[in-house]
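Naming follows writing order (A, B, C, D and E), and every chain is counted from residue 1.
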C-alpha cells in the first residue's frame, strides 16, 4: 500500500458506561477504494463510523483526514469536511419533503436581496437539483419531489438517503448497512450506485453483514472484532469463509493481513 | 398437495387510505412445513402476516385455522389460538427483564391462595423456565435472566423474541425478517433454530429477503407481488433466479406454480 | 491500492434483475361518499380544519347570540380580546413544533411587563430603553428554558413547570404585587400603551395590539416556511436525532427557538400593557394553559414537527369566539368553562380523525 | 406435502461458524473515583435518589430551622400535610407510568368529595353509600379520560386539560361554591371525616389519612411489581405497540389504569374531607400540578415505563419538607414558590445525571 | 326593550360572589332587567374582567356591576365603558381612584378588618400587649381585598402598619407570622399548622374569610388549642355566622353582597329610565352598604350584633 490514506484513525476508544464499544480501534481508508467493514453484531462497527462521521466523540484516539488531524464535534463538522454518511437509521425527517431532506442543513438561498437579507429559500432550484440528482443516479422513480418522506416505502427512503450522500460527499462516503432492510432488487440498485460513486473516484466505506455483497464490491475488507480492527484482507486473496472465520474468532488471521 | 392446510387465507384485502397493501391475497400453510414468503419491498408481506397474526384486521377476506374460520381482533386472540409471531419490530419491552418479556401476557401465578387471590406472580418459576428454554435452544448465552432487554445487543434481543415464539407457539410460528439486522453467526443460529422447531413438527412462516437462506430452509416459497400471492414454488424445482424473476416481475410464473 | 477495477461478481440469482418491472405501484383514489371526500380534502389541507371550525362557530353564534355577536364591532373586539393569548400562542407554537411545551410563557410575559413598567414608570428610564430591556429579559428567560432543555437534557414540561414558579416569584418580588396605574403610565411613559391605540373602520375597532398579533404570525409563517432555519425547526421537532445526524445543530436551534419564544413573550408584554391599560402583575395567570389550548385547537401536534403556524392564530380566535358568543348568549361562566373543556377535546378529536387518512 | 426432509444447503462460508468463538464479551467495571462509584450505585438503585434527597433536606432543614423542624411532631405533621397530594401523586404515577399525564386528578378529587358531601350530608343518604358513590364517580371520571385517550386516540395532555375544565365546572355547579361545614358533617355523617382521626405515638401524630397514603402506595407497589397486570402497565408505558403485539390488551389496560387512577382520586376525596375537616369545593385547585411535581421529583419518567411507585411518595414528602422547612426558617411565601421551582428542576436534573450511566 | 345589565365578579368559586350573583339575578328578574354574569377563573384573573367589560359594551348593556380583581389596572377598561354611556358601579371593592366608577356600593373592607381587630384587642384587654397573632391571608400576589382586610385588622388591633399597601412589612413582635390560604379550608388548615409550628402559643388568629377560619379551627383542634385562641374573620356568610354561634369563630365582620347587588340592579334600572346617578353615603365618597360585627361576646365601644341577628341577615 503506497498511496497516502485519505482517512485514518488510530487508537479510538469509546466507552458506554461499562461497555467498551471501541477498544483502541484503527482504521484506514485509501483514495478511490471501496472498503467494507464486517464484524459480529455488537463488534463496534457502527460506533467506529459514528466516531469518524462526528456523530459521537471518541474518548481517546485521533482521526486524520488527508493527513490533517481533525476533531469533529458534530456531524455537521464532518460533513463540512466532506464526509457524508448514510446512517443505519437513515437520518431523514419524515414530515419534510424529499427536496427538503436532500438539502437539510445546506439549503440554497435565493439570489440577491431576498436571499441575502430575507434569507428566503430557493425552493425551485432545490427541487430541480433534487429531481435531477435522483434521476441521474437512476435509483428511484419519484412521482413527486414535494411528497413527504414518510409517504415513501422503506426502499425509496433508503434511496433518498443514499442519493443525498452521493450528491454532497466530496471526500468520503460512509454507508452503515444500507441494504439490511432492502429486497433483492433494491439492494442491487444500491450496489450499482456504490460502483457508480466509486467510478467517480470517491472512496466508500460500506458496513454490511452480507458476505456476497461485500465480496462483490469491496476492494479491501476491514474485519472488526471486539471493538478492534482485527485485520484487513484482500477479497481476492481470501475467501468468504476466511473472512467469516476471522470475524467470528473461528480462525486467527494471518499476520500479514494486519498490514494489508 | 393432499394434506389439509393448517392455516389458510382467501381474498385478504387491506387498504391504508389510498394505498392497497393487500389486494385479494391468498395464503396456505401446511403442517410441519417451512413456508418462505418473499417479495419486493412494499409488496405487502408484513401486512399479510399482520393480518394472520391479529395485529391488524383485514378489510375483506377470511382466514381459517385448522379449517375453522377465525377472526382475530387482537394479537392476543391469535396467540391464544396457537399462532406466535416474531415481528419485524420484535415487540419486546426494553425496560422489562428477559423473563418478564418471555412471559408477557401469559405470566405464571403462584400456586394456592397467593396466586389465586392475591394474583402474585411466580417470579422464580418464570425465571427458571426462561433460563431453561434459552439454554435448551442453545441460542444465546445470557448472563443474567433478570437483566433488562435494553441492555442486550441486537442479536441477543432477536434471540429472546425467537425463543419466546418457539417456546409458546403450539400451531404456527411466524417470523418477519428475523435475520435482517443480524450478523453471519447470529443469522446461522436463527436458521438452525428454524430447523429445530420444524423437526418438532411445527410449521413456520419465514419472511426474508435473503435468497440463500430462503432456499436453504424453505419447503415451499410463497412469492408475493403487488399485494397478492403471485405463485408458490418448490425450491427444489426452481432456482433462485426463477424466484427473483417472478418476484420482481421479470418473468411470468409458470401456470402450474400457482397451485404448487 | 490493489486492483479496484475488477469486474463485480454478482450473485447468480441477481442477473435476472435487469429485466424486472421498473414501474412504480400507483393506487387510485376510491372515496365512497361525501364524508370520505371531505376527509381527504382536509387531509391534504389540514390548516383548513380550524378555519372551518372558526367559520362554523361564528355563524352558529350569529344565530344563537344574535346581531350583537355578529357586528363588526364585536368581531373586532374578539380580535382584541384574543390578541395577547394569540401572541403567546405564537411563542408556544414555536416550542411545541420542536416537540416541547412551554408552561412558562404567561409568567415570562408578566415578568417582562413588570420589568418594563418598573424601569419606564417607576425608575423613569426612557421608555424605549425600558421596553428594550423587557424584550431582552423575555428572551433571556426563554434562553434559560432552552439551556435547561438542551444542555441539562431535561424534559421541557419539567423545566417550564419549574421556571413558571420561578418567574412568578420574581414577578411578585419585583412588583410587590402592586399594579402600576394607567394614569401613571400616561404621565411617565405613554409609549408603553402604544398597542392599546386603535383605528376605527366602519364600526370595527382594530387595536394596534391585534394588528401586532397578525403581524407576528405573518413573520413567523415566513420564517418557518421560507427560511432554512424554519425548516430546521420542523426537522428538529420531527426527529431530533435524525436532524442532528443530518447535520443540523439541534441544540443551537432549540436554544434559539426557546429564546425566540421568550422574545415573543417580551413583545406580548408590551402589547399586554396596552391591552390592559396598566401593568398588572396579577393578570394572565391562566395564560400558560390558554395558549396551549389555542395551539392544540389550531392543529399543531404536541409530538412536534407537524402543523402550520397559522393554526394557533385561528385556534385563539376560536376560543375567543366561543367565549364571546357564550357570554353574549347569556350562558353562565360555569358552563363557559364546561364548553371550553369539550371544545378542546372535540377540536383535537376532529383533527385526529382527519390525519388518520393516508394521502 | 413435498419432501421436507431434504438436507439443508448452507452457504459455503457459513461452514466455518462451528468453530467460532462462543464466549460472551464481558466488560470490567472501571470506575475512577467516588463520584463515579456513587453514580453507579445510584444507577442500580434509582429509588435511592429521592430517598437521599429527602434525607439530606431533612437534615439540612434541621440545621437551618432548628429543633422545631426536627421534632417527631413536625415530621408527622408534614406527613399529614402531604397526605392528599401524596395520594393524588399515586394516582398520577399510574398514569405517568403509561406515558400519559393526568391534569384532572385534583379536579376529579374535589368533584368526588362534593358528591360525597352532597349525598351524605345534604341529602342524608347513609354515609357508606355516599362514599361508595363518590368512589364510583371518581372511577368513572377516570374512565372517561381513559376512554378518550384509547378509543378516540387523543393525547392524554389534551384530554385531561379538557376534563379538568369539565370537572371544575361540574364541581361548581353541584356545590354552588358552598363548603359544607365541619360541624354539619359531624352531625350528619361523621364517617366522612374518618381519615382526619389520629393516633399519637411519642409526640408524633399520625392521622389515618397519612396511614392511608402509605397503605395506598404499598398496595400499588404490590400490584405493579408482583402481579401480571402491573407488568403490563410498565410494558404499555415502555412501548405500547410492542406490548400490543406481544399480546397485551393495551387499550383495556390503559382504560383500567385511568379508571384506577380515578378511583384513587375518589379515595383521596374521602381522605381530603378528613384532612380539611369540611367539604370544600374551593380547595386543592393547585393539586393537579403539585401531584405532577411530586411524581417527577420522585423519579418517574414522563416518557413512561420507568421508575418505582415509591418515588412519588418520597417526592411528595420532599416537597412537604421544603415547604415546612422554609416556612419555619421564616422564608417568605414568595421565595418558597421560587425554591420549589428550582427544586423541581434540580431534582430531575440529578435523576437524569444518574440514569446517564449504562449499567 | 329590556334594560341590559352585567355583573362581573372576581371568581365564580367564592361563595361571596356566588351569592352576589344570586342576589342580582333575583332582583333583575323582579325588575325585568336582563342580566349577564361574568367572572374570572381565579382570584386576580384581571384579563377576563377586561374582556367581560368589553363584551358588556358590545352587548349594549346599560350598566355594569363590577367587583374588580385589580382595582388599579381595571380603570382604563371602566373608562371605556363609561365613555360608551354605561353606568359603572363598583361593588364591594372600590376602584383606585374611587371616582373611576360612577358609583361605589361597597363594604369597606378596611373597616371590616378594623372592626375585628378592635374586637380582638378589646376582648384580650391588657393581654393584648402580649398577644401572639397569626395572620392567614389570601394569596402571595396580595390582591386588594387581602391587603385591606389584613391591614384593617392590624390597625384595629393597634399595630403599626408601615406601608398600608403591603402585607407582611410590619415588625411588631406580637405578629408570629403571615401565611397564605387561598381563602379555602385546606389552605387555612395548612397555614395554621405552619404558624403553630413556628409558635405554639398563638392566641389571636386573623383569617381572610370564613372558610379559611374553619380550616384554621381544624388545625387548632388537632393541636388541642382550639379553646385558647380567638379566631376572627370577615364575610358574614351563613356557615360563618353559624360558626360564630357555635363559638368556633369569635367574631366576624358581616358584609352584604346580596344587598350590594340588588341595589346595584335598582340603580341601573333607575339610570336607564331617568338618567339619574346613584348617590353616595353622607360623608363618604361611596355608598356604604355596611359592615357589621357579628359576635356573641360583645365588647365595649365596638358596635355589634349577635349571631341570631347575624343569621337573619347572612347571605348564604
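Just so we're on the same page, a contact is a pair of C-beta atoms (placed from the backbone, for glycine too) under 8 Å apart; a residue touches a chain by one contact, two chains touch by 3 or more.
This one's a predicted model, so the numbers in the text were calculated from it and none came from an experiment.
Chains that touch both subunit C and subunit D are the following: A, B, E.
Shared contact partners of subunit A and subunit C, listed by label, are B, D.
Averaging Cα atoms per chain gives one point for each, and the point farthest from that of subunit B is the centre of E. Comparing the CA-atom centres of all chains against that of subunit A, the greatest distance is found for E.
We define each chain's centre as the mean of its Cα atoms; on that basis subunit B and subunit C are separated by 46 Å. Subunit B and subunit E have Cα centroids separated by 72 Å. Subunit D and subunit E have CA centres that are 37 Å apart.
Each chain gets one centre point, the mean of its Cα atoms, and the points for subunit A and subunit B are 32 Å apart.
Counting partners per residue, subunit A has 42, 184-185, 211-212, 244, 248 as the residues that reach two or more other chains.
Among the residues of subunit D, those in touch with two or more other chains are 11, 13-14, 17, 20, 172, 334, 337, 358-359. Across the assembly, subunit E contributes 12, 42, 140 as residues in contact with two or more other chains. Chain pairs recorded as touching, per the definition above, are A-B, A-C, A-D, B-C, B-D, C-D, C-E, D-E. Taken in their complex, subunit D has these residues touching subunit E: 68-69, 74, 77, 80-81, 84, 172, 176-179, 181-183, 196, 198, 205, 207, 272, 275-278, 280-286, 323-324, 327-328, 330, 332-334, 337. The part of subunit A that touches subunit C in the complex is made up of residues 1, 3, 30-34, 55, 74-76, 79, 85, 87, 89-96, 100-101, 104-107, 109, 118-121, 141, 143, 147-148, 151, 184-185, 188, 191, 195, 198, 212, 215-217, 219-220, 234, 236.
Subunit B contributes residues 15-20, 42, 211, 226, 239-241, 243-245, 248-251 to its touches with subunit C in the complex.
Residue ranges on subunit A touching subunit B, taken from their complex, read 39-43, 153-155, 177, 180-187, 209-212, 244, 247-248. The residues of subunit D lying in touch with subunit A in their complex are 11-21, 25, 27-30, 357-359.
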